[in-house]
Structures are given as structure tokens and as C-alpha cells.
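Following this line, the structures themselves.
Next come two complexes, and both contain chain A; in the first it sits with chain B, in the second with chain C.
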Partner chain A sequence: MANARKHFDVLVVGGGPAGLAAAVSAAEHGARVGLVDDNPALGGQIWRAGVVGHGPGAARWIQRLEATGIEILCGTRVFDSPTQNSLHAEIESGLLELNYQKLVLATGARERFLPFPGWTIPNVMGAGALQALVKSGFPVSDKRVVVAGTGPLLLAVAAYLREHGAKIELICEQASLASLALFAVSILKLRDKITQGLSLRKELAGVRFVAGSWPVTAEGDGALTAVVVSHGQKLEKIACDFLACGFLLVPNTVLPALLGCRLQNGFVEVDRYQQTSVGGIYCAGEPTGIGGVDLSLIEGQVAGSAAAGHAEASRSLFGERRKLQRFSQALDRAFALRSELRGIALPETIVCRCEDVTYERLKPYTSWRNAKLQSRCGMGPCQGRVCGPATEFLLGWSPDSVRPPVFPVRVENLGAMVRDLVPQDSELLRGPQ
Partner chain B sequence: MSAKIYDVVIVGAGIVGAACAHECSQSGLRVAVIDQDVIGGGATAAGMGHIVVMDDSDAQFALTRYSQTLWQELRPELPEDVEYEQCGTIWVATDEEEMTEVLRKHAYYSRQGVSVEVLNPGDIERLEPNLRKGMVGGLLVPDDGVLYPPCAARFLMDQAQGRGVTLHLQQTVAQIGKGQLHLADGTRFSSATIVNAAGTWASALTPGIAVKKRKGHLVITDRYPGFVRHQLVELGYLKSAHSVTADSVAFNVQPRQTGQLLIGSSRQYGPEHKEVDPHVLGRMLERAQHYLPALAKTSAIRVWTGFRAATPDKLPLIGPWPSDPSIYLATGHEGLGITTSLATAKLLVDQITGRTSAIPYEPYLPSRSATLEHAHA
Partner chain C sequence: MPEQITLSVNGRSVTVPQGATVAVAVAMAEAHCRNSVNGEPRTVLCGMGICFECRVQINSSLHQRSCQMLCSPGMQVRTDG
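And now, the complex of A and B:
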């Protein structure tokens, strides 16, 4: 087992837009930076490298990244913080101890799954997950796809799948036409967003889009054959090969919580410089509020510059950040999940896939902890990442306290002790400028 | 506000409190149970859930044996989610000294009528191929088992509630004594008998009890069905885990019905905080991998800690508290609370109602506590 130890002025966890921007900004200010990500390549969920690269938005940042001396550590999964200013991560060959002066958490977000009858049938998947699959070469040519859920992500995914040959049968947007109209008005000032929307409109020309509509049942024996959607008053059955669902994103806050960063309404609390309640630990991107790529990039730059000791560079971005935050607030209002979605899970619907726990087995309990103890909901290998947000929406339960390991980890690495580590670089830590 | 009147009020809805409620209600007593949290939310949720016979002392043996028999009688009624699995225990001997202990244990258990089998290295390799090669032998105790404690506690409480027991969860008890119990919100309960089954919190309610917190760590893995088939325990367990003062770790791995592996164990006096201690965890897992090398590559999904209610002589406190005869204790079960809960409830109700008990209850009487306090000091 090759255990190792590394030291950085600024350590960035997460290689999506926020993390890339933070790492690049800190490094351009002269800090010695490490960038870790648990995926095999940088890019995060949104800029996931496919067979054709990261996509145009990412290219500029990858270029800047390559011009710096940032140490990139992909396939590195942080699972614990055994002591202050130090993280433990699992790598293929063993355990890595990461020491830092300043830390930027850019842990991103994941998709929220809402349980409904048939949601566990093969080929019912997250909208982002299906897109990622296609990016890695999975063929969808001539496949009939229904895209359902809420928010601009649905349109982006539908456009992407269509571009790759899929036949988009329907896009179901749960938000009402009225809230969509209000949203359109509220974003009039944000020219970029509108241009983006218009271009998607061209790519989705002729695709059926219905507002105030959501899936109620997925059908199929072995694999998906059809989906029943509700348009409020009436039901409609649509034959399809894939159902791509996207019911908003859930911030990944487990690592910030483990480090003691204060959360508010499920998001990491930060100050103007993206610093969390724990001094020296910054947070950028979706964990501080779902805001998309542009806001993540700005927040990443603010955090990276501040962590490297260049507060004035951070301050120059405050105006742009404020504008983008207003946009994300408008999104939150327009695409809030409607209460009818709480009714689509039937008593026998599985809520926890790891432990096969049905909705009816959860209903008698008053808290997630109680339900977990009695039904094992959330006790499987996903550690409640899927069913936690689902029960939060369905039953109003708040998440449990966070304990290491925050990701499943090999027993040999969980048990590896600090004294077993071989220091790979024993230079004295340099303080930030 | 007038007091609610019961025959017995039980503080604590862990496995011991639930078993006491179950037994009291079977004897026709009017019972209320109060807990600060949920059913089985304390040590019951944190423990391994073994139903084992142990022989640190004759009294420990008598209680564990009696209770295991009671679990076996109850087994047909247990719902599926209690996951009772009679997997048996194998005590693993790594050297001749430990093999001597195997033979001693074999003679003791056989004499008491517990079925046991001495295993040679070939047997061990055949029964548990993932154990490190070169074991000297072992002792198989086929009647030992494991279960999932939170659901077992809930089952006992469900049964009790079906017979009229009232359950008050998420209630803080402010004070007990002289047949009265006060909740923090001002509610009063009045009963001839108040059972303090509050586990590690018992001494906060009844000062002077010789119960101390003894911290433990556990790890659970993803599903590896058949990786081990029996509960595996090292015999060093006898030397290290039972050392009354020093921190210790011991190899103890259980196969769960889900195919998961539950890895223990550690014992520490002193720490009051729930945080995982990386050094203790490291030593514990090192020990486990020493016995099961292939464990290294398995995926650990959760780590947690809990506190056992430990007494200096490793025997629980069951019976009236000498300074206040309205208070009965049912605590101090250390790492054997799941096993001994049912027998505890029997002996407690035997004393409350004046029934004849199946085994002598004297070794567990809290009145021995005066001498225990000295032992702690």
C-alpha cells in the first residue's frame, strides 16, 4: 500500500467549475495549490469530459489551469478529516493525507430523485445521469425519451440528447405556465441567459413541451416501456425507452458539515469572501446555493483569490456575483417543487433503493434517525444520498449528523493511521501571501 | 396538575426498558415507559446485537445462558426485521495458550449443558476460509446468535403497548424518587415502583450508582454474503477487553443477515464525546485485518460509537436500590445488554411481584454496589 502525505497553501476539493476557478485564481496569485476530485477527470457534473472533451465553456479554464503549477489529483476521494487542516482521501493505491493552510470546498450538487411507482425500473434515470452516460459514449440514437422534472436543466438535457439522435417524445415541466411566465419577465435583464434560452429553443424546435405536468408511473417489465404523466386534470400514457428525471439539484454538504461549517436551510453559510463559519475554509458553487455554472465560476474566483490572500481581486467580482445570485433566486421561485409531487409515491413504492424500504414503512416515524434505526432507510452504501433528499421532500425530515467516512472507503484505508504514512514532500509549509 | 398513577414506571426505552415493559405487562401490571429519545436509540442502537453465552464469572454465565434460552423461546414470534440469526460463535485460538482456554471453556460449557465443539485447524479453515491461515484451533458455540437490536426493542415495546403499556417518547425526566417521577415539562407520574433502565444515563437520575460510560467503536461494511459465517471472536478478548481500566481493542466480527460485516470492538473509559477516535479505530481495524486479511479490500460504509453502561464487576444491577426502595435498577449491562435483557426483565419482575425466579437473582442486586464503588475508585 502506497500511503502518502502532501502539503498545499490552498487545497481545493472538487474539480467542477467552482473548483477549477478557485484553484486557478489561487494559483495565479502565487499560492501552491492542490486540486482534488473523486472522478477520473476534472470538469465536475456539468463539464464532465466526454469522448469529445469538456465542451467549449471549460476550455478557457482548462487552458488557464494548464498554465499554472497546480497539482491535480483526480480519482481522489476525500472521506475524513482526522485532524485540523488535514484531510484523508482514498486513492487507487492507498491513502493520501492532504494538509492545507486554506481549504476551498467546491463539492457541487447531485440530482434529487423523487420516488414514484416504477422509478427503480431500468432506463428510468436522472436527467444529468443520462446525459453523462451519453457523454461517455452510450448510444441513444432513435431512442424515445421523455424528459420530466423541473428547471432549465431539462431543456439543456433534452437538447443534448436530441443532438445525439434521441427522439424527445415530451418534456414535462412541473412548474405551471404562470410561474414560467413570471420567470421569463424576471430574467429579462440578464442578456446571456436569454440568448442561451433562445438557442435552446432552436435546438428543441418541434419538441413537445408541457408545463404543469409530471410523471406518475413508469411501466415496464425488466426495462421501461412507457410512462404515465399527469397534466393536472388528466393522465397521459407515452411509450418510451428512457425517462430522464430532474427534480432540482441537492447540494453536497456532507464534507463541509464534517468540517464543522455551519449550514442554513441546507446550504453552506458563507461571508462575502465565500469563507464559511470555520476560519480558513471557503466554499464555492452549488453547496452555497444552487446557481449554475456562471455563478459557480464567480464564487470560485472569489474564494480562490481570498484563500490566496488577495481580497481585492475577490471584491472586484462582488457585483457580477450579486447579479447572478438574483437570477438563481428567480429560478428557485419559479421552479419550486409543487406539493402534488408528494403524492406520487404510493405506499408500496420503494424510497430507499439500497435497503429496499417502501414509503409505507417510513410513514409511522417522526424523524429520519428513528426511521433509519427501524427500517434501515439510508443505511446502505449510498449513505442516504438518494433517499435523504427524497424523505426530506416527502416527509419533511432533516438530515442526520455527519460522521466519517463521508464516502465508503476500503477498510485498510479507514484504519490506516497517520504514523503509517510516508511523507512524500516534507518541505515546510509556506504561509499564504 | 394531578399525577398519573401506574404500578410501574420505567425510565428508558432501550432493549432493557422494553424487555421490562414487556415482562411487566405480561404480569398484568399497569406500566408507563418514558424515554428522552426514541425506542432503542441509545446503546441499543449502537451495539452489535449478539445473543451469546459468556463465562467471565458463574453469575455472568447463569444470566447469559438463561437469557439466551428466553430469546430462543421468543424466536418464533420475532418479526423478520429483528433478523435473528443463529450463526453460532467461533472463539479463535492463535496459540497454545489460547487453545488451553478453548479446552477450559469447552469443559465449562459442556458441564453446564451448553453444546460446544472443539475445532482443529482444518475445521477452522473449512468453516471460515477467510480467517488467516495458521490458527491453532477454536471453539464453536452453535447456539449463539445475532439480531438487529433497534427492531428487537421495538417488537418488545409493541407487544407491551398491545397490553396497555403507555409510551412517552422525547420526554426528559427531571427527577425520580419516593414513588414519584417528574418530567421536565411538569408532568408527574406516581407509582409504587420506578424502574431506572436509563443505561449510561442511569446514574444521573439515581446518584451513587456504580455505572460508568465505556465507549465503543463499530464499523459496518457493504454486503459480502458468506465472507464470514459465524460470529468470530478472538480469545485475546478475554485478556484485553475485560481489562477493567485500560483502553483496549479486540477482534470481533459478525455476519449480518443482510450480508454486511459488523466489525468490532473497542473499549475505553474516560471519553464522553461521541467523536470517532482515529487511533482507536485504526487499532481496532488493524486487529480485524490481522485475523481476516481479505477484510482490507472490503468497503466500509459507516463508523459509529456508543457508550456501554459498565459496572466494575461486569455484572448488571437488577433489583431495588437500597437508599430508596421505590426505585428498582435495571442497568449496567455493559456489552451484554441485548443478550441479557430478557433475563433482566424476568428477574426484575420476580422481585417486584415476589415470584420465584428461575435462577438466583442475588448476584445482580444493587445492594452489592457499596463494595462496587470502592472497586471503581
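And now, the complex of A and C:
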């Protein structure tokens, strides 16, 4: 049984830019709104509130949020949908049942990590992860950092870390200079879209940036001491304290998939009002396509208005949305992962960090499902969120179907979930009298 | 300046700003979070609650994701190393 139960006209899962915009828009149309996020505070990835509060850009939305009667539920992690129009979430005090008329899924994205020798050594982490650590109070000043991987996030992170006193030794971008140049041209056509990457030139003045370059080995015993990068023809070894490393973002589609929303090429399919293939369930932000904060905000507003029964109210945003979607497609093309990256994992490299499964142990299998059953890859607590996108790239495996709980939950909440699956008067679960 | 909080990581006293996550305290104590199945040291990978590499013991609760938990005064954190 749930410890508590709540009812909303519109329930929003995810408190990043997309979820905030959806919740505010729905509430401003008069709906009774609940906003759920598993982090200790709202803001999502880009507006993560750490020791210094939410980042710039968030203020306007937080202000509008405070002017509404939205019920904010942080530290609340949705893991199951026991029945239609109802979700189960884990909270510190137990289990929360969330009932809704309309649902907006704004679950965001995570970084993709690729395995290479040494990637499990402490202080090799995601680019966004090091940024998050610093936002939450880690003093990075005078630490030597190599930023590697691909995508505009690398530049945003490097600029942020530098501003906080880190010494950025090198930024390695795996995309070639030619595809970066093509990208620059293609986004120029989008006229007034000033990309964050381009506007960071000043903040990153004097920092070494190499295109067509990627990490091949991290070294260190107990903690990172150096990283070897490949510039295609030659290798270079750089001493550093941190390697901040991510290979684009992957959408968090597990919850939408659990609810039966149709996916296409890994993204949640939506109509012009951001409604998924399941009536009454909307999706906004990164799960529908990796497009950055501006696109997330627009999609959130469209979804929130529609969920509150005012679908036409956000029509004026459709044009801008189309433009930003084109930007997102250009981004995909420019930062596509090069095939050399499939070669950086060696046979003895760990691919599944939860269960320490190496690359050579995975190679005999033909599918994710087989590998999972036989090698335990993806059976650990991350439930394949890290090794899934990695094996998808390395071995071409597609993810498995989704089963609840979509996050590991405490045993007592698992019990509640099982109880929901069987008839109420089932002998099986009644336990000793 | 945000207020400072003092807590303990493996018996060592660490001071962090208010609002810092437990992962920050562990990093400042130069400890790692957990030992893997094969005994390798691990710390933060994702920083956002999905990878479970940052698990530590907080007071009497085992396997807490340190990147998702805020520090509080007097907290006792135990890691694998």
C-alpha cells in the first residue's frame, strides 16, 4: 500500500527546463498541477541548483512557478505505473501514489559513456558529472582537467570549470574539423540562433582545443594521473587530475516506454501538441530529441498548455520549435560518433561497471537480451543505463523491452508493486497472520 | 558565502558548503566511494543518480547514492576506501 496518495489534473515528471515550463503553463491555464523530480531540488541538468542556487535563465521560470499553486515534489523518483492514470514513486518515507488526468513526461537525458582502458579509474567521469560536482560544492580550482568526447556540452562544461578556477589542459572533440565547419555553416542559416558553443569563444580563449581527437587510455593507480589521447595519427599523453568525458546525450525513455508510448529511432514520438501515441500522455524536452534548453522550454510550454486543455494557446511557438528542431538535427549530424571509437575498448576493458563484465565476455553474444542473461551485463543497479548505450554503439545491440521497477527500489516498495499485480485477496502475499 | 557544514567521512572531518552533496564530501576527503565486484575502487561517473557508482553508507543506511544526497551537520559517511 502507498504511504500517501495524491491527485492532480496534470502531473509533470521531471523538473528540468521542459518540466518547469510544462508545469507553469498548465497551472497558468488553471489546472491543478504536481511537479515531480528525483533530485533534491528542481532545475534538471542545466539549472541544477547546488550551493549557488539555480543558474541564470532559470529565474524567470522559478518566479512564474512561485506565483502558481503547483505542488512541488522533489526527492521523488517514479518507478512504476500500477494502473492507468497512476504512477508509483519512491520517497524517503516510503511509497507515494500519484494519480493524474493528464501526464507530461519531461525526463530529460543523460550522458553517453564509452568504455576505454582506465575509464573506471576514480576521477574519470562524465563531463556533466564533473560540472554537477562543482555546482554542488566541489572546489575544482587549480585542478588539471582534460575534457573529452563530443558535442557542444564539452565546451559549456570546460567554460564552467575554467570559470571556477580549473586548469583546462585540453579539449578533445572526436568530430573532425570538417564536420564542425559544416555544422557552423548549417547553423548560420538558422540566423538568430546564437549557439552556446559559438558564444563561448571568449570564455575559452587560450584553451587548447583539438578536433578529430579522442581518449584512448586513462592511467592511475587508485586515482587518475594521466590520459592518453589519439589525434588520429599520433598519441599524446597529458598529466591531469580529472578527465571529464561524455559522448553526446541519450534520452531517458524508460518511463515513456513503460507507459506504452511509441518510440522512433530511440526517441519518443509526439504530435504537434507534444502528445505521445498514448492519449493524455505528453512528452517534452530531450526524450523527444536532443535539442538543448530552448527547445525543451518551448516543448514544455506546448505540452503543458495542451495537457491543461488549451492546445491552441501555444500555436505561436510552433515556428520557433521547428527552427530549433532543425538545429538539433544539424547537431546530430555534426557530432555523429566516428567508427574508430569502437576500437578503443580492449578485450579486457570493463563494459558493465555494475557487474564488472569485460568486452571479451560480451562479444560471443548476439543480443542485449542474451548477454544480459548469460553474462549479467546490465543486470546491476544501473539497469543498463550506462552499458546499454555503450553496447548499442559498440555491438549494435538494441535495448530490451522495459519492465518495472524502472529504478531499483527498496524492498518494501517492491512488495507494494507486487501486491498491485495480484488480486487484492491473494493468499500468496497475505503473509503470516 | 554559503554557510559551512562539518561531517565525517571514514572518521575524517570534512567541511563543505551548505547545499553540497555527499559525493562532494567524499571527493574532498580524497576517498573513493565503493569497491566494485572485482574490488576496483570507483567514484562518481554520472553525477545525476543513474550509474550507482557513488554508493556509500550514510549514517546507518547502506548503498546510498552520494551524488543525490545532501550533506547535513554531523553526518557519518562510510565508504569502501
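FYI, the second predicted complex is superposed on the first by the 403 of 433 C-alpha atoms of A that agree within 3 Å, B and C clash if a C-alpha of one lies under 4 Å from a C-alpha of the other, contacts with A are read in each partner's own complex, and residues count from 1 in each chain.
Just so we're on the same page, contacts are C-beta pairs under 8 Å (C-beta built on N, C-alpha and C of every residue); 3 or more make two chains touch, one makes a residue touch a chain.
All values derive from a computational prediction rather than experimental measurement.
Asks: Contacts for A:Arg369 in the overlay, against chain B (first) and chain C (second): which applies, first, second, both or neither?
Replies: Once the two structures are laid over each other on A, A:Arg369 reaches chain B alone.
Asks: In the superposed arrangement, does A:Pro82 touch chain B (first), chain C (second), both or neither?
Replies: After superposition on chain A, A:Pro82 lies in contact with chain B alone.
Asks: Check whether A:Pro40 is in contact with chain B, with chain C, with both or with neither, and answer first, second, both or neither.
Replies: Second partner only.
Asks: For A:Gly232, using the defined touch cut-off, is the partner it touches chain B, chain C, both, or neither? Pick first, second, both or neither.
Replies: A:Gly232 sits against neither chain B nor chain C.
Asks: Could you say whether A:Val409 touches chain B, chain C, both of them, or neither, answering first, second, both or neither?
Replies: So A:Val409 only meets chain B here.
Asks: Thinking of the overlay built on chain A, is A:Gly380 touched by chain B (first), by chain C (second), by both, or by neither?
Replies: both
Asks: Give one of first, second, both or neither to describe whether A:Gly343 is in contact with chain B, with chain C, with both, or with none.
Replies: Once the two structures are laid over each other on A, A:Gly343 reaches no partner at all.
Asks: Which touches a greater number of chain A residues, chain B or chain C?
Replies: It is C that touches the greater number of chain A residues.
Asks: Please report the chain A residues shared by its interface with chain B and its interface with chain C.
Replies: 355, 380-381, 408.
Asks: Using the touch definition from the top, list the residues of chain A that touch chain C in their complex.
Replies: Of all residues in chain A, those touching chain C are 38-40, 45, 49-52, 110-111, 113, 120-123, 125-126, 128-133, 136-139, 222-223, 350, 353-356, 380-382, 385-386, 408.
Asks: So in the complex, the part of chain A that touches chain B is made up of which residues?
Replies: Residues 80, 82, 355, 367, 369-370, 373-376, 379-381, 383, 403-405, 408-412, 414-418 of chain A touch chain B in their complex.
Asks: So in the complex, which bits of chain B are touching chain A?
Replies: Within the complex, chain B touches chain A at residues 38-41, 45, 81, 150-151, 154, 219, 221-222, 258, 263, 276, 278-279, 281-282, 284-286, 288-289, 295-304.
Asks: Please output the residues of chain C touching chain A within their complex, sorted ascending.
Replies: Residues in contact with chain A: 2, 16-21, 23-24, 27-28, 30, 32, 36-38, 40-53, 55, 67-70.
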